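Lettered A, B, C and D in written order, each chain numbered from 1.
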Amino acid sequence: MHSKVVTMKDAIAAHVRDGDTLVIEGFTHLICFAAAHEVIRQRRRELTLARLTPDVIYDQMIAAGCARKLIFSWAGNPGAGSLHAFRRAVEARPAELELEEYSHFGMVTRLSAGAARLPFGVMRNYMGTDLPAANPLIRTVNCPFTGETLAAVPALNPDVTIVHAQRADHHGNAQVWGLMGVQKEAAFASKRVIVVVEELVDESVIRADPNRTLIPGLIVDAVVVEPWGCHPSYAQGHYDRDNEFYVAWEEISRDPGRLRAYLDEHVYGVTDRAEYMRRQPALAERLGARPRICAGVSYGY
Amino acid sequence: MHSKVVTMKDAIAAHVRDGDTLVIEGFTHLICFAAAHEVIRQRRRELTLARLTPDVIYDQMIAAGCARKLIFSWAGNPGAGSLHAFRRAVEARPAELELEEYSHFGMVTRLSAGAARLPFGVMRNYMGTDLPAANPLIRTVNCPFTGETLAAVPALNPDVTIVHAQRADHHGNAQVWGLMGVQKEAAFASKRVIVVVEELVDESVIRADPNRTLIPGLIVDAVVVEPWGCHPSYAQGHYDRDNEFYVAWEEISRDPGRLRAYLDEHVYGVTDRAEYMRRQPALAERLGARPRICAGVSYGY
Amino acid sequence: MMAAVAARELRDGEVTFVGIGLPNLACNLARALHAPNLVLIYESGAIGAAPDRLPVSIGDPSLVTGSLMVCPMADVFQLFLQNGRVGVGFLGGAQIDRWGNINTTVVGSYREPKVRLPGAGGAPEIAVHARRVLVISRLSARSFPAEVDFVTSPGQRSHGRSRRELGMPGAGPVKVVTDKAILESDPSTGEMVLTALYPGVAVEDVERGVGWPLRVGAALDTVAGPTGEELRLLREVLDPRGLYLS
Amino acid sequence: MMAAVAARELRDGEVTFVGIGLPNLACNLARALHAPNLVLIYESGAIGAAPDRLPVSIGDPSLVTGSLMVCPMADVFQLFLQNGRVGVGFLGGAQIDRWGNINTTVVGSYREPKVRLPGAGGAPEIAVHARRVLVISRLSARSFPAEVDFVTSPGQRSHGRSRRELGMPGAGPVKVVTDKAILESDPSTGEMVLTALYPGVAVEDVERGVGWPLRVGAALDTVAGPTGEELRLLREVLDPRGLYLS
């Protein structure tokens, strides 16, 4: 099979289009900032951005003018404060960003249903909350056995999903360890899938430990090799989360001028992630992981 | 926390009761024959046996008179022929075994719903088949968004589930590699859970590679250490499947007298799995796995 | 020969849902010949398996060792099959009828069967969701009745309703490979019609093996006999002990 | 002190759904003192975490390394929370009302908010499914209105209907730990009533911090001040940099 390895520039150019519903997933872990920055550089517009936790990554895309709508469940800067570009857009009159809002369980259920290509998913949830009043897509369904009323949410099937993994082969068979979030569900739910990795490995590395494979190559459209592609998020076994940057974002994003300057310097001002890292030589030293390697298991018979 | 490690005899005596719905799961891999043999020795009666593939393990329990009802999706002897004790019971007039029958996807969906404590699960399935006519518990539900009609099956919540794993600590935190079947779903769906392992390990072994944990100790009631507990099924990395025995079962089970003699010798005639293995010294040599150990990954940060 | 004929139906790179026995042989033969990039999926959870021995069951350990991915069965059915990722599935059964409906449940009535068969397994969902289904079965009047006793897996028409009316995503059984001939579903009616004969087989031989008035397709081909390479691979490499070719 | 008081509420061996900040401190304090076998579950998928540094987020890598299990988020919500395996959950919010309803969505109206807050996260499902919920929040009239602007997470009564009427499995917010006092839900009405004061705090101080006519429980306790060991652990071991205790 031919290799799917391309540059981030080519992957975004080929697979992310204006008006798309885009998911860049990863719960705290493996959030692919490198992909978001390339989307910003290529000036994609009118995107519907979906993600459980919009996080700093979508705050940057909102600030850069990429987003028309946000589908989400928690829009804060974890442990540090607010996402101010998001807040400015939502608190503006009229609002500059359309919102479609669930809880985490609701978003997980939407993506799980999408991944299974079912039109809806079911939960025991949302009794007593005002969320269904705020979002008419939170509905109910009755159990055909017990008659109980349960919460129902519609499947979410993004146009394109970008997930970051520790390693993949050149067909996109991707392995992840540490927190797995909803990456698998988002990828299977999506029409197109880009896998970004810390390390490109031979197929034999994947085949040596098949239980670690989270995303099979047969659903992957492009593979991008981008070490440090998650910074300021992290990749277990490779580098730590840059908590200092998350704290700093509170001040940067509060001031539209500083936010613009940040984007100019670190997004528009570099051509790719390699240059982003070259410009910040202290990052690798400060955040590089100390190895802590587990024992292997036997697949023999 | 106190240890949950007990003998198989004590685990079955404490947790499997006459009339229970019992699941011993494992798809080809990790089918715990040692547990079934102890259930037979303790002469449990009126059990509802649920499993995707009843396999030789339930054929033995049916022959031994443990079962009142079978919930299943494929009742054959894979690659070898029929389950003749099962067939005799079903083809008898009147039938000696009640059947409740789905497809694999239906059983998976029942256990997934049970594990999530939802009353039903949804599939796009069963159009055009006679299964809903044979089983009134296969129903339909309408999507509250698209109006589509989908198949619905009720949750399955067993009284007790027994799963086999390669290793666990003494709280029952269990790790599995190779085929995982529906073990996790069955365990979470169940009121009581027995975990049987090839190897009891220190908690630190589990904590060194947390992504391999399939069943958390907090849902486990008893841990049984039973090397070779799956024979003639297999445990990846420990021993191969005994295909010769599966082929031999075709002849053994076809003849009620031979089947009885088999149970007398290998089930009633031994006190536990250790004795079963001592009586068949050639098994370990013939089926022991050659090691094929994968590399570990780094959990550092 | 059935294995060789079925192997020829597989396209390189196709995602194939493999059953045990002849389908497994056919897939591995195709991998060794024209389709080295065939992706083998087993309902047991092995994705991209590369077995180094002939697996006796679909849960054989050799399907795990060296495969690309091993996933829970829920993923196999939800994320691969129902998601529409499976290009071709193989099915067989005790009875196959004029419309490609397959019975693996009972001979006789469901409540009081003459013969109790294993049941559905994963066949109904393969029949519903695989983009197309290949059926493999030896020809005999007993195995090819006009109407099956029990529809376990739906074919092109079930109880008078077409797949389209029933809302099934996949194309269903498009081809039946037997030991004497190939039947294909008529695109307009869904009926299984004779489209190719094995060398030395007459139309009458096939007619005797099916329980309905068999229609013959507009173009009646002759299936090429197995090549030396096909036979060598099957007999010497893939099934040297004659497990499935006996 | 709030962390110490919350820690005392946890029982050894309990399965605890942990949020970041004070709940995390409280859980780790309890683990160091009377509850060494507390099982910490984070919505990120870390089960039985044993962090060797103070995690700044609920997805911190230190929650993964050395944990008992790491699972997909779907499992956290379906198999742990909805399955009823979580004994106690922690919640906080910008507004908490008389019935323990919590608002983390908006101040003002939903369509035209004065302040847009982060939103629901996993809080509604914790409020519905955890066997009981502990709320932690500093006392102020702005934070404790008679009625929240938006019910993100349901308390004991929401829009006039009780948890039982609404069919919620868990007991909901049974206790609110503040920096001045402890409120508890009245078992018959669900209303949050004053049941214990911190040393040196008067009932009037608490009344001024809530936006409804506060009822005082039958027995009004005094909360024991933090012990030397509690303070030492919090200040020297658990949060030496004063990340949450500043």
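Note that in this section a residue touches a chain if its C-beta (ideal position, glycine included) is under 8 Å from a C-beta of that chain, and two chains touch if they have at least 3 such contacts.
None of the values given here were measured: they were computed from a predicted structure.
If you take chain B and chain D together, the chains in touch with both are A. When the interfaces B-C and A-C are ranked by how many C-beta pairs touch across them, B-C comes first. Centroid to centroid, with C-alpha atoms defining each point, chain B and chain C lie 28 Å apart. Chain C and chain D, compared by their mean Cα positions, are separated by 57 Å.
Inter-chain spacing, taken between the CA centroids of chain A and chain B, is 37 Å.
With centres set at the average Cα position, the gap from chain A to chain C is 40 Å. Within chain C, the positions touching two or more other chains are listed as 46, 61, 64-65, 70-71, 82.
Chain B has residues 117-118, 123-124, 148, 177-178, 180, 184, 208, 211, 234, 236, 240-241, 292, 299-301 in contact with two or more other chains.
Interfaces, counted as pairs of touching chains, are A-B, A-C, A-D, B-C, B-D.
Against chain B, in their complex, chain A makes its touches with residues 117-120, 122-124, 137, 139-141, 143-146, 148, 150, 152, 154, 166, 177-178, 180, 205, 208-209, 211-212, 234, 236-241, 289-301. Put simply, chain A touches chain D in their complex at residues 27-29, 52-53, 72-76, 78-79, 82, 86-87, 90-91, 93, 95, 101-106, 108-109, 112, 123-131, 133-134, 148-149, 177-182, 184-185, 234, 236, 240-241, 243, 246, 292. On the chain D side of its complex with chain B, the touching residues are 13, 15, 37, 39, 46-48, 50, 61-62, 64-71, 78-79, 82-85.
Residues 20-21, 43-46, 56-61, 64-65, 70-74, 77, 81-82, 101, 105, 110, 112-116, 118-125, 128-129, 150-155, 158-159, 161, 163, 166-169 of chain C touch chain B in their complex. Put simply, chain A touches chain C in their complex at residues 1, 115-118, 173, 184, 188, 203, 206-208, 210-211, 213, 216-219, 299-301.
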